[in-house]
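Okay, got some structures for you below.
Shared between the two complexes below is chain A, which has chain B as its partner in the first and chain C in the second.
Let's look at the complex of A and B:
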């Protein structure tokens, strides 16, 4: 289909305007991250200055930013891996088998996505406390604790997204493999998963971003040992002032891995998010 | 290999009627059997039970006297070609054909040899490096055929493999499947709702409706000697002209049929069946090919008016109105009629069909030994 030049130009104008709306604050903040402390909040803003890495040095070394980064990486990737390991087979089952209550279960899963984190945050805290005192199972301020908690939000997303991909595929695809000498699991691994791979990548990225950005549950359930990057960002907003340069440095540290990940996997991501549309 | 279905039953949770209703069937070694019927008749479910993709509620399935009812699909030594799936999209043609061989851990050299041989057999040996996007629908279905044959199955199952192809390709592949059957000598079970496809392919046609087998026979048998009104109506295009009426004994000892608007003398071969029948309600039928246009009224002719003429090539299909009833008549194009013409339709007694209106069974006598 050919789009007339005038329409194309209009589309670009609108898209650029929207992108600017989102990106200008990001750009402004990112510039501040490289400003020396003295001009963080100068008014009017200083545009010409000698960029410095002192903010990064401060948050990384003095404020142990690398620890938060490590915690965030472990918790986010751990959450995504567990969510995929549990969610992909579940999604396949929902797509292919009808069992008692399967429809209701799917609706319940989507409803989990709708509840605000605070609704589960406090009960999780109470449960963790009970497990700790009653059964001597410590989950507060541990990686498994947060990874388990995040499944509440990640699993429904994985199951809903992946079920959509599986439903698109003809059942005859794995049935064919089953007649040709494979078990259902073998057919799933060798035939179905390679086809839905872009979908898995897209699902993984969206889930990773959720876990990576998550603040509230981490605030309640983590502690000194497992604090994540978004929580560390909070520490730069203190009672008397906001340490803008340091805050924006942390911001950049939070943003960059997601951007890099998305760029590396962008082909799969686009394929996954447009699955079935372009065929 | 010989395939035997024994009292096979399958119900689906969301349906009150059985999908497959206690069917018995024997398909002989090397036969090309076609399961024919309208959608929802149970033909695909039957095929899927043979493949192991559906588990029967009761009954047994044997292949070459080996009971396979409880085996996983992969252990049944069958192969299957599907209607809406032909190629694994992440593999090229070569890897598609090799895929079943990896399951039995065949060595690389043997795989290569077998793949190339099978590809040659279905004329796709020049496409081996192509991906799923670089082959046509017909070529993709050939890949499915090659992949199905590659493990030399004992039974070859096909679930409407040609339905998604265009008409010309369908006819072409139909011929190739027939040739493949002759070359391999394997038992084929082919499912279709297309009666023309069934007639051209099958050694044996199994007509199904509503989960029951209606008739098992050669293409000629199901066409010329349908056992009931369903088979008579379903097999043959254009379909048989059928009328409900009453049969009564005539003055000359023979039977006559009182049909809406006219009366006919029935041939004697129905006499025994009519005498044994309870009640007198019948369905009378005659195929469009069995009606002739004659110049003047005589016995077993009716007079009507031509309402519509469809050209079929060398022949025309005429629709003639006789009272309330429209008759389809096939005539030679050169002897065709014009819309509005008055015509005399002659019904050949030897080609008439008669069914009990209540049971819809044929009133011809079939020997009891033959399975229904």
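Let's look at the complex of A and C:
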């Protein structure tokens, strides 16, 4: 497309301004994490200082940051693994078999994207409470409890994303494998999965990001033992005073892995974020 | 086995028939586990909430009397519920239109540049991947009246310090702007992906005929992008409608409930005021509204996609 120079210059100006609007809060906020406590807040802001890691040390050691990090890692990867184990075979079936109601079922799966978390969170809280009191089954404040509830938003997304990757593969692939004596499941495991591997990685990464950032269900259903990193960020706001240096240290710990994963994932991002409806 | 003989299919042993049956329904072996979990984690809560909303239940109560539609009635006549509904609609209208306009604009602009396109795109989409709670805390810091960057900047140009989040007049719009900041890149990504798939032929013939670029945009680009636009609007609408995290950390509904959204209000009803069944009734109402909105958009969407 031929674009007049003036138009292009204007596009650059606007886009660079918008990029600055992203980078300024993210970068200037983040450097607070490396400021010594005495200059966490200052007016005008302090730009030049000797960076320190004492905030990270405080967050990790005094405030059990390791524990939150561990909880976040266990819950996020646990729920992604479960979602993949259940979702990948289902996605494969939706891609390969046409059966009555398959289309309606897929559309219904997208509609789950619309359910407000409160609709799910509230009954789960009540159920966990009743299970605990009535049957002595403890799910509140446990990893399995959170991992199960996270399936509400992970599992439909895995099915939709993975179906998109399976549809792109020619069916002849498994068919020839099945002629050679593989069962359908064997063909899926030995022939199809190795090829669709990059799609599985992309699906896993995006779902991991969603689980990692999740706040609402963790707020309702986790407790001392299973609090996640986003939950812990909230603890640095005391009514009158915010511990900005510590807070930004936690923010960085939440943010950096996700940004790295996003850079890896950037080409697949649209597909995941739109539930693949666009195809 | 005798039944087999009676129907004249003695040649088919039980195991072959079982095998045939499993072959016929084999897709269910792949789907059933996932479906079972989804039914548990989605259908159970909806049934539970619907059921509970006809009784008076708290987390502590022993007796659970049947009260019919009383919970719904109380909700619909409750001033706070009405106000939070209104706030949510405000939030949806401004956040969706703002993020849509900006996202669409950026999608158009980024096609006009060449050098640094990938880098700019990457920077612009960073906010989508940040946890809303992190975004909220970060903007709290930016907006802080005493030492926030924004007030420091205003100070440089001699505007007095502003407490954007503490004043009823500005708090709502401030939160909406932060929401737009976080989500317009999503619209941008979706529209850009849609534009990449547009066919070239209609553009070439239109250009040959000397159609102005505005008319090309209106008559060719917009109609072709309709399904993509619908997807963007649908996703933004439902996300804005159920927003919780961002408001929770930025204002927690204040000042004076001016930023209280439905999710926040229902959360408080259940967990601060311990009115489980009333919150359940409210969440069912919320589900109905969001279901209605998305059903309408869905119909349009799948009609579009089906046509093309």
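Quick notes on this structure:
Heads up, the rule we're going with is that the second predicted complex is superposed on the first by the 237 of 279 C-alpha atoms of A that agree within 3 Å, B and C clash if a C-alpha of one lies under 4 Å from a C-alpha of the other, contacts with A are read in each partner's own complex, and residues count from 1 in each chain.
One rule holds for everything that comes next: contacts are C-beta pairs under 8 Å (C-beta built on N, C-alpha and C of every residue); 3 or more make two chains touch, one makes a residue touch a chain.
Quantities reported herein were computed from a predicted structural model and do not represent experimental measurements.
Contacts of A:259 after superposition: chain C is touched, whereas chain B is not reached. In the superposed model, A:38 lies in contact with neither chain B nor chain C.
Once the two complexes are laid over each other on the shared chain, residue contacts for A:61 go to neither chain B nor chain C. In the superposition on chain A, A:27 makes contact with neither chain B nor chain C. Once chain A of one complex is fitted onto chain A of the other, the partner contacts of A:175 are limited to chain B, with no touch recorded for chain C. By the touch criterion stated above, A:195 is placed in contact with chain B alone, chain C being left untouched. Of the two partner chains placed around the shared chain by superposition, chain C is the only one that A:159 touches, whereas chain B remains out of contact. Put chain B and chain C next to each other and count what each touches on chain A; the higher total goes to C. No residue of chain A lies at the contact with chain B in one complex and also at the contact with chain C in the other.
Against chain B, in their complex, chain A makes its touches with residues 98, 170, 172-173, 175-183, 186, 190-191, 194-195.
Of all residues in chain C, those touching chain A in their complex are 26-31, 33-35, 37-38, 40-42, 44-46, 48-49, 52, 59, 105-106, 109-113, 120-134, 137-142, 144, 146-147, 149, 152, 155, 181, 186, 189-190, 192-194, 227-228, 231, 235, 238, 241-242, 244-245, 248-249, 262-263, 266-267, 270-271, 276, 279-280, 283-284, 286-287, 290-291, 294, 298, 301-302, 305.
Within the complex formed with chain C, the chain A residues making contact are 1, 3, 7-8, 11-12, 14-16, 18-19, 21-26, 28-29, 32, 41-45, 86-87, 89-90, 92-94, 96-97, 99, 102, 105, 107, 109-120, 122-127, 129, 148-149, 151-152, 155-156, 159, 184, 209, 212-213, 215-216, 220, 230, 233-234, 237, 242, 244, 247-248, 251, 254-255, 258-259, 261-263, 266, 269-270, 273-274, 277-278.
Of all residues in chain B, those touching chain A in their complex are 13, 51-53, 72-74, 76, 78-80, 82-85, 88-90, 99-100, 103-104, 144, 147-148, 151, 157.
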